[in-house]
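Pasting a structure here, questions to come.
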Amino acid sequence: MLASPVGNPSVNALIDLALSEDIGPGDITTDNLVARGSTGHGVVKAKEPLVISGLEIARLVFQRLDPLVCFEAYFSDGDRVRNGDRVLAVSGSMRALLTGERTALNFLQRLSGIATCVRAYVDALGDRKVRLVDTRKTAPGWRVLEKYAVRVGGAHNHRTGLYDGVLIKDNHIAAAGGLTQAVKTIRASVSHLVRIEVETADLDQVREALAANVDVIMLDNMSLARIREAVAIIDGRVLVEVSGGVNREALGQLADSGVDLISVGALTHSARSVDLSMQIAPA
Amino acid sequence: MLASPVGNPSVNALIDLALSEDIGPGDITTDNLVARGSTGHGVVKAKEPLVISGLEIARLVFQRLDPLVCFEAYFSDGDRVRNGDRVLAVSGSMRALLTGERTALNFLQRLSGIATCVRAYVDALGDRKVRLVDTRKTAPGWRVLEKYAVRVGGAHNHRTGLYDGVLIKDNHIAAAGGLTQAVKTIRASVSHLVRIEVETADLDQVREALAANVDVIMLDNMSLARIREAVAIIDGRVLVEVSGGVNREALGQLADSGVDLISVGALTHSARSVDLSMQIAPA
Amino acid sequence: MLASPVGNPSVNALIDLALSEDIGPGDITTDNLVARGSTGHGVVKAKEPLVISGLEIARLVFQRLDPLVCFEAYFSDGDRVRNGDRVLAVSGSMRALLTGERTALNFLQRLSGIATCVRAYVDALGDRKVRLVDTRKTAPGWRVLEKYAVRVGGAHNHRTGLYDGVLIKDNHIAAAGGLTQAVKTIRASVSHLVRIEVETADLDQVREALAANVDVIMLDNMSLARIREAVAIIDGRVLVEVSGGVNREALGQLADSGVDLISVGALTHSARSVDLSMQIAPA
Amino acid sequence: MLASPVGNPSVNALIDLALSEDIGPGDITTDNLVARGSTGHGVVKAKEPLVISGLEIARLVFQRLDPLVCFEAYFSDGDRVRNGDRVLAVSGSMRALLTGERTALNFLQRLSGIATCVRAYVDALGDRKVRLVDTRKTAPGWRVLEKYAVRVGGAHNHRTGLYDGVLIKDNHIAAAGGLTQAVKTIRASVSHLVRIEVETADLDQVREALAANVDVIMLDNMSLARIREAVAIIDGRVLVEVSGGVNREALGQLADSGVDLISVGALTHSARSVDLSMQIAPA
Amino acid sequence: MLASPVGNPSVNALIDLALSEDIGPGDITTDNLVARGSTGHGVVKAKEPLVISGLEIARLVFQRLDPLVCFEAYFSDGDRVRNGDRVLAVSGSMRALLTGERTALNFLQRLSGIATCVRAYVDALGDRKVRLVDTRKTAPGWRVLEKYAVRVGGAHNHRTGLYDGVLIKDNHIAAAGGLTQAVKTIRASVSHLVRIEVETADLDQVREALAANVDVIMLDNMSLARIREAVAIIDGRVLVEVSGGVNREALGQLADSGVDLISVGALTHSARSVDLSMQIAPA
Amino acid sequence: MLASPVGNPSVNALIDLALSEDIGPGDITTDNLVARGSTGHGVVKAKEPLVISGLEIARLVFQRLDPLVCFEAYFSDGDRVRNGDRVLAVSGSMRALLTGERTALNFLQRLSGIATCVRAYVDALGDRKVRLVDTRKTAPGWRVLEKYAVRVGGAHNHRTGLYDGVLIKDNHIAAAGGLTQAVKTIRASVSHLVRIEVETADLDQVREALAANVDVIMLDNMSLARIREAVAIIDGRVLVEVSGGVNREALGQLADSGVDLISVGALTHSARSVDLSMQIAPA
């Protein structure tokens, strides 16, 4: 079961912003040429193989313009769609279809682009136990949606933001007077339901983090050899995350090093939009 | 001179949304480890060659968190930056630097990614007269910013939204009872400062559009040969735009066909983020 | 077909602002005297001859208070209504009728006032070809609605705001280093779908504007004789707009001078509200 | 001392709406022609005799665009200004001056128009004791500002909205089961700091209202003779307001009938904008 | 009949804020464990004797999450409910029930807590004529709701805010140059529908207030003996309010002193939440 | 170091809502009696012993009304303050002081009331190791502020909302098909930085939760004897929280049972406001 972002206030705010920035004072082409009562039918098709994501968002876009628009999806988020497949159909107010088309596609293309990119990474991992996770390198305003598309694509989420997980970096350590003290201070401060992760740059820091009883150790930008050493030192006592400069080719080797989590910023920040188009006809 | 999006309400709304989605009820790591009065210094560096874009947005992000943060940019938007170059420096509240780092970078990496991608297309065109333009295929919520990054990269903007230019497509034509009637109706309806463009699928439509006195004719998904025929028919009487499936390799040939505008959705919808990182140290 | 402002976010924002400023923490008279379930019927009548405008806005006002209110309009926006005619009927929650009455009438009276004023100007022009256009002299917050009422009254819109048309004035010219340079710079900067208009104060400027290939020339505050000279010079090559101090009596002469557009600020900034009243009775 | 609307959230919301509807995604003329750092100086002059109102709002408009704009007013709200008088000066960012000019003038012209209209009514009353009051017939979104302009012009405010005063009309009376019962019910329900006014249509209702111990009696649309009878009956025991169809000529006679308050919707709903213009020059 | 806060924009804003602060980017427990289509049934029961208040707010909370949730209340606001009584039932989307439970209860418990506390004070007064009123000592953001709960509990409201009643305190008097001058100035400034109350600290001020023709005199923090003297001096000519340090035990004596109003801040600022719980089961 | 809620968007939204609901269209007493330029000085004093909380919020309230108000705090949040102590001083615009007084005090009294209540519980625990935590039973709209006041008082926070911690209850278990399955499903779904807590009603559930490898076990409404058994079974393998019906007297015994966390809803939902008053004098 996939937790959906539908109904989330920040998602609604983004949809409003999107429609407002595109329509402004009015769709002068459609409003002047298409009668208010005329109706139409639209079909969205895939123009390349992809993993679909964002179907419910597309529905919301059209129904924000006209609540009476009928929306039918032929797939569920996460399904693989072939080139040429019909993905969804909408029918109702021709004005709503024409005015909402671009915004709906913009959401769908970007979210499916991420899900498709994620799925390629996930497939590269095969049935290895390691957990592929995203980062906070998301398009501003899109955090909830992009994290959702990552789950749709089959990977996992790292923390959502700065509030639902602790990640201690070098500046935090310096400010707190050392790693051990930082962990102690933060453990005393945050909710017992939040875990503490520390970013480490070398094996000494790994050892100090272990001794400080952190919950997760991040190995930041280490070589494969160094990662293997770290994994040996940690020896299953806490979770281990690798981060930094991970490319899809190296994924298998990294995973086989015994780490628990691999985080990849490119899942969100460099996925290209996939190609979907919409054909509209009068009803 | 480059018109800047700073101060635009929808840009401010996006910055607020971005900070809010990342910080939520609080940056639990920083707020619990870094004292309120402590100060720091941060430097953003390029990790690859790029065209920088979004410097002022990065400044706004930090100053939204603390208006007293000092911000210095070593480049201007549109400058080429080499791998390793220092792009900007910020100093002030350590909390603001640590909490704002990711959001500022997310803006900068995406906008510079677009500007860098655009510049590559522009360079491929050399000093040809043709105007490279963007589309409405932008990330929802980012319209003003992405259109800005396109200008920063050296290309031009198509209409901003559905309200500042007329683009008549097949469904509009059908609804209006023919292309000629559509142009007549819309000319009678819209402001005299707005031009009318018609999307055409074949040479008959091109001829009908010409006869109907449109201002711009878009050749949609035509072959190079067909484009050349259309250009010959139009013969400089109105502007000609080519759209659809344009890749960077074919750009030169397309431009040499005599069209006035080439629109490329990939400028915005498929630009990857470029790599920039920020190093922070106590003051 | 008249493009409607219904659904426009800034119109919705204004309706919300209007209800909120009138109702505040509650309609203490109605809420304390009228039972929640009681229903009523209301009829709006014209108290003078007028051109009706804003019917859909009135509907939105009542339905914002109670979505179940039934609304029936006996006319369409733009219709001439005689003194005493029933304009619309509403029925449903008595509370919604009583609480919404004043706000609905305030919208209707102002928008119909503008449409009625505009129609008088349009009638004065008879079947002359000239286009009567509005200005940006609208009540702040009302831009979209007042521009709509102008269309309802039978005139045309100038640009909607500072973003969907270029109008170069003396300060822009000074800043750009001359009219010719200003036109060149702006042509290179803005979308190809936006036209460029220049405000001119004398015939030398008219000639320079012509030479600079602007799309529209505005003759600002010129005498009728000077306007005729300008029209002769321009000779149909670009559109000509007259602006400034236009009164209804001089309209015919102005129109006959051969200009294409006459802009009149008074259409919006000095139209008085027309008289409409609402009678409510228990169901 | 005149209570000012500066700082009121609904006024700020209206200023934001006004700038946003005019600027949209950007002032494409100014942003592309005027350099960001260039400065200018602007002067607003009266083009006819008027009572100035809204100076602080004009200041807010410019400073919302650039907080560093200097603003100097040569008059105070409520002052009579002669044709040609300099009303205010602004200096600072040329972009802010050019982009804000129209919005600032739109506020100033409408608010001064109301104050000027009000002053004419007030002057017509001379030093009679009667209180001239406004109504709720204000432009939606402008309630606080228009009520302020009424005070600036020298008249008084009726209730601000439906929440700070009780006005019982015929439908309330019907719903409550009679005038006496309505007054009793509402007295038991509302705060002791709110007065109760009843709208009456004939002398029987006047007598019933008196007996029911209302605080204010409104004589709705009565003839002058009937008003005199009503005043005689009421005999100073409660305040008396006349309302409906009041024109400026009849004002003196009405006032001499002995009523306490005369309410005039035209003060706000039919005041035309007065003429003010702004001249801008480079600094 | 009890005027309801349902539909008030500030109440809607508070409900949105409440759901948003609790749900944030998502209810990770429910969204990941409960299928989207599954349904349930929930019952809210009282865990102690109480006066119920806020039923409609609870309904709004659930229906904001899912408009199709069915809601049935077994009591009306203001009813006494016994320990163990079923107060309301909801059925529909299991996700909406689980996610909305805590927010709905938080509203209900606080509003019923206030109504229950108020009812105890009201009961202590028996059938004395005095009016028990609240103050502006409400939880920020809750003004309209808490004033409603006070009415539900059987007491009355003082002014809602700083805008619907005048209350002159010592600093106002000092600024205006004396009590008499303050009353004169304010009477000339505010709407005739607003009454004027003056806070007095001793009998000299009481006499001065009486002479100045205020509408209400507040006796601030006076002893019972002094209150009786004041009541004798005022002798029914204006309303008298006692304020300050009123506890429930002294209420009867205070009331018998002949004052018209007793204001008690504790009604809102110190009422504890009452205990209500919700049991949910699959449908 | 205490993480502060200053700058949090939802806190700013609440402050805006608070000022807006109190001031509405204007503070008619102050605005009409106190000149705009007049200045004053105010001091807030404790009227009873208390733990102060919310000083920065009080500062924000006044500075939202006038950014130039000077604010000096004589204590820090969390300090014990004696009856009569001066807590803070503000000086500047007399209007800002008078208009902001009540809202500032309302925040301060409620937040200090919670901190004071929490401190009493904390003191009752002495130097026992157990962690006293709050719940989500907070006043809607106040989540961030009340959780802050809990920390100020010396206790700890449970999860902030439904998004930063998993708490599995009986309905989740039923929906997921058993406790073991629920834990497995949720572990696979949520971020690795979020811990999983399960609510248990008896010892069988405790054992099942242990076997399912949850991170925290909540003992819901169990007797002290049962709690001791559970603690023995769990034997330090995971954290143990007791919840439900905890009163201050039983706190010591509960703590001595060996549990790790005790959660108490009354810390927030039933703390009364403490007494603070403000005296203002002209500067």
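Each chain gets a letter, A, B, C, D, E and F, in the order it is written, and its residues are counted from 1.
Following the convention adopted for this analysis, a contact is a pair of C-beta atoms (placed from the backbone, for glycine too) under 8 Å apart; a residue touches a chain by one contact, two chains touch by 3 or more.
Every value quoted in this text rests on a predicted model; they were computed, and no experiment measured them.
By residue number, over half of the contacts seen at B-D repeat in one listed pair from B-C, B-F or A-F, namely B-F.
In terms of the distance between Cα centroids, chain E is separated most widely from B. For the pair chain E and chain F, the fraction of shared interface numbers is greater than half, so the two copies use mostly the same residues to meet. Set against the Cα centre of chain C, the chain with the most distant centre is F.
If each chain is reduced to the centroid of its CA atoms, chain C and chain E end up 45 Å from each other. Chain B and chain E have centres, each the mean of its CA atoms, that are 52 Å apart.
The distance from the centre of chain D to the centre of chain E, each centre being the mean of the chain's C-alpha atoms, comes to 32 Å. The set of chain C residues touching two or more other chains comprises 1, 3, 10, 20-21, 23-26, 28, 32-33, 35, 143-144, 160-161, 163-164, 166-167, 185, 189-190, 194.
Partner chain F is touched in their complex by these residues of chain D: 1, 3-5, 7-10, 143-144, 147, 160-161, 163. The part of chain D that touches chain E in the complex is made up of residues 1, 3, 131, 133, 151, 156-160, 163-167, 185, 189-195, 197, 215-216, 239, 241, 260-261. Chain contact summary for the complex, chain D toward chain B: residues 16, 19-20, 23-26, 28, 31-33, 35-36, 65. Against chain C, in their complex, chain F makes its touches with residues 21, 24-25. Only residues 10, 13-15, 17-18, 20-30, 32-35, 38, 40, 94, 98-99, 102-103, 105-107, 109-110, 136-144, 160-164, 166-169, 171-172, 174-176, 182, 185-186, 189-190, 194, 266, 269-270, 272-273, 280-282 of chain D touch chain C when the two sit together in their complex.
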